[in-house]
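Letters A, B, C, D and E name the chains as they come in the text, with residue numbers starting at 1 for each one.
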């Protein structure tokens, strides 16, 4: 679970809420029709821009970004080194019982191919394609979040324009003007807040998370291929450590 | 037919209309001269930017984007696998009767070349060029929509400037100021709404649709070439499935 | 002559003028000092940005963009096929009398090189360099128009700031405020109108025109090279048609 | 220590402070809640965008940018030429006592590899990876500073919107309006000042510093590799001077 | 000397001054504290962004851009053709007396290398590096001017925010409001004017000038290399004319 994202969002809204409270009249900042314009308009524009499948997929992508834990490189190397040891000691069929213990679907697929005795080229092709399609999906997710971050302020402005036109049509007393304009500005406030505290930073985090996950997948791919060539645990470790900064490499040994 | 686009546009305008109604005075938001400035100015700028042919072609491109259905990869593979089976069983001349049953002009051309006994290189060159020119046409369509999305707010602002100058020249009573400014702001509202709820998202959808259609054309091209080499249905399927994520590949068999 | 550009500009200014008239007080929109700030400032900035030669060249580039007609691919192919027929029938010296009949300077140069019996490599080098330098010149023209399109709104804003400062220094009656502000906004109006209805779309059209002219030059180059190799009219046609979408290729025969 | 950065920041804030003082009422420009919105909001958005580790690392990156001194190319060449002389005279083991005298960790690692008698390819691989990871870390640092520079004005505007809405809700006397609006504008002022006087220029300086440090590391890498090949001091100097403009090359001799 | 730059700047400020005069109250547009904020703030930000050396170098770069004259290609070819003739007639040592007559330091260096009898590869390497470093320096100069062009409006806005806050804190009479706001807007005016009439166009001109100077240096390099190979004047001319559009090539003969 990514703590930074959750802390950031909670703390951010707390800071803004305190600022609103401190000035008094916090109730004025909750205005359902304004929310409907900004969020509704933004969702509709997103629906036009992307396909229904991509649109519905974005929520699972966000959830994953916040909740899923990318394994650290050394954990991953440890895991693969163990599989290499098992493979050398008991043969590739012995890896079958490891598959059920694996959470990560991608590692599971790789082990299955080892058990099935597939050749290295085939494994590399199949797993490489999976890496590529995962990357593609992440890219679409990032694009959707960035589009949402751009659409929010736009619909905020549209809402403010609607409010201004309505207010300007009947200017009776200065008090009404103020209240009308306050309401009109709320949509711009919602648009700016959602874009800058939610969608734009989340798109950035998704990019970061994608980079880490793709790296883990590429390391896995190299590890599985090394095992399929029958390399010993040390060889597997060295192949996978090529992805890690030299100053962070640790001596990892098989623990099975 | 792309449901997301239609839902998005209908829902988007409904949300905005409800927001306008709820505040009262919806009639103030329909102002023909303001519409003329924004839409007229935007169309004229588009006419200057692009050629007459490209300008007129954009409407058919939009219509197609919303209405045409890109065949799913598995449908396409099924179709090609069937042609391969026919070709192997009855010879390439037997494909002639399939041509008339085909909706897609591109597949039809490919089959005709098979019937004519053209060589693979020639088929690849000719169909490859078609793919390239289709891509080019889509790119122009996307560029026009993006330009429209940029021109709308610009002419919205120009209209507002006209309205403001006219209003400022005779400031008699505060009520007149309000009404004048309300009218002046309507063009900015139109510009922002058209850009953000229609042109910018439509340009994005066109890009998406283009990607899907070009992929389908490239798969078709590979399928036709495989048939021209006399490969069996399984070989054709494998060649075409290289474009599909491994986890989505299905076992497809000839059904003729 | 490019009709779309002319229609677009005329229609665009008509739409804006009608909008101005309809609100009354069209005279307020013609203000010479405001024009001087926007156009004068923009021209000075352009003069600083580019060299004197490039600056003076832009007007001929614009004129050409609007007036010159790029030959259609099939006309060009027809012309080259005829030269190939003459060359095969009467030898390359017979092309000399064709040179005087040719409008296009580039084709003329190519024919002259054929008459002079230059080798294909030399022709390709010389004509290729001309294509490249023409492209370079178009790119500079497009850059100047784009810079003008960016400078216009900037000087519009500068003019409005001048007007606002002058108005704010003596606020006597509300009427004076209105009139002063109306004048101040006129420069922003001029800047936005010139940028969005003239310079930005013209830059786009120049890019389009450049693409078409460069394509015609490359087709000409291939045709001349094919003739210099002594290919027959059919061979010349096929080489040149490689630049045309297969669905638009016509059967062209020599007409001399 | 980079004097320009420190002078720039001190002088910049002095200029702005003097401008504030001169107009009177400097106290109005210090408003803790406004600061909390801009800085708090910006930090939260940064926390959402980046990982906790990257976020905490940015402060050490900034400190280093301002404080650390990148060695000049000629100093670096002098140092390496000396090591080459020692290596030639007393053998690579004699370099061991130099390691403890070296401040730079990267040079120390290189010397250690020489002492250990590693082969050139291995040294090049290991040190090259370090260069690459350092570059990556700098790039992340620059991206964070740029994001902060973009988030500051955004949260400045959000703060101003909050202030405006609060002010507009109770318009009693013109004096209150002024005071309320003055407070509302302070957040925009903070956002613009922090972005333009701190984060955007610092991001630029970090890019510059990164370029200089990476160059020094690449020169060091080439020097160490030349020593490992047993080249004499002159050879080492020539290899390293290839990174220096010819007009700045000096005759450097070993001083040990 | 580049006349266009000087005419552009002089004429531009004249146009703006006339516009200011014509509206009356030109004195209001000269406000030293406002100038201090915009120019001071901008210089400080530039100092933070770049190193002290780069910052100080920008003034000489600007001066050179405006004053130095890039030799025309044909002048340059004439010069090199003469050196080739001298070299063929009297040997390379005879070039020594030409060095003192040469203004351009780069050509002087090239001649010196010819006199010293350096090999072509060495000349190409050394002069090529000089070209590359010159290009790098121009690029930094352009980046500084572009940054200044972006910083000016930013500090203009910061100054206006300061002025607005100060004015809003004591709203006594409408006249004071006007005067205060006029002063506040002056900084925005300065920022926009400096950016759009000085820094942005100068950055463009520097890019143009850089292109021309780099081309001249590359032609010189080719010429010197041809002379070092002992080619005759005609061979030198042909090598150098490859950089010139065919339609502009002249028959140049040695004049010594």
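Basically, a residue touches a chain if its C-beta (ideal position, glycine included) is under 8 Å from a C-beta of that chain, and two chains touch if they have at least 3 such contacts.
Predicted model, so just to flag it, every value in this text is computed and none were measured.
Listing every chain that touches subunit B and subunit C alike gives an empty result. Annotation of subunit C and subunit D: jointly contacted by E, touch as defined at the top.
Rotation angle, subunit B onto subunit E, C-alpha superposition: 145 degrees, expressed as a multiple of 5. Centre-to-centre spacing of subunit B and subunit D amounts to 46 Å, using the average Cα coordinate of each chain. Mean C-alpha positions place subunit D and subunit E at a centre distance of 28 Å. None of the residues of subunit D touches two or more other chains.
One closed ring of touching chains is present, and its order from subunit C going to subunit E first is C, E, D, A, B.
Contact residues on subunit B toward subunit A in their complex (touch as defined above): 2-5, 7-9, 11-12, 15-16, 18-20, 22-25, 28-29, 174-175, 177-179, 181-182, 185-186, 188-189, 192-193, 195-198, 200-202, 204-205, 208, 245-247. Against subunit D, the residues of subunit E that register as touching in their complex are 33, 36-37, 40-41, 44-52, 54-55, 126, 129-130, 133, 147, 151, 154-155, 157-159, 161-171.
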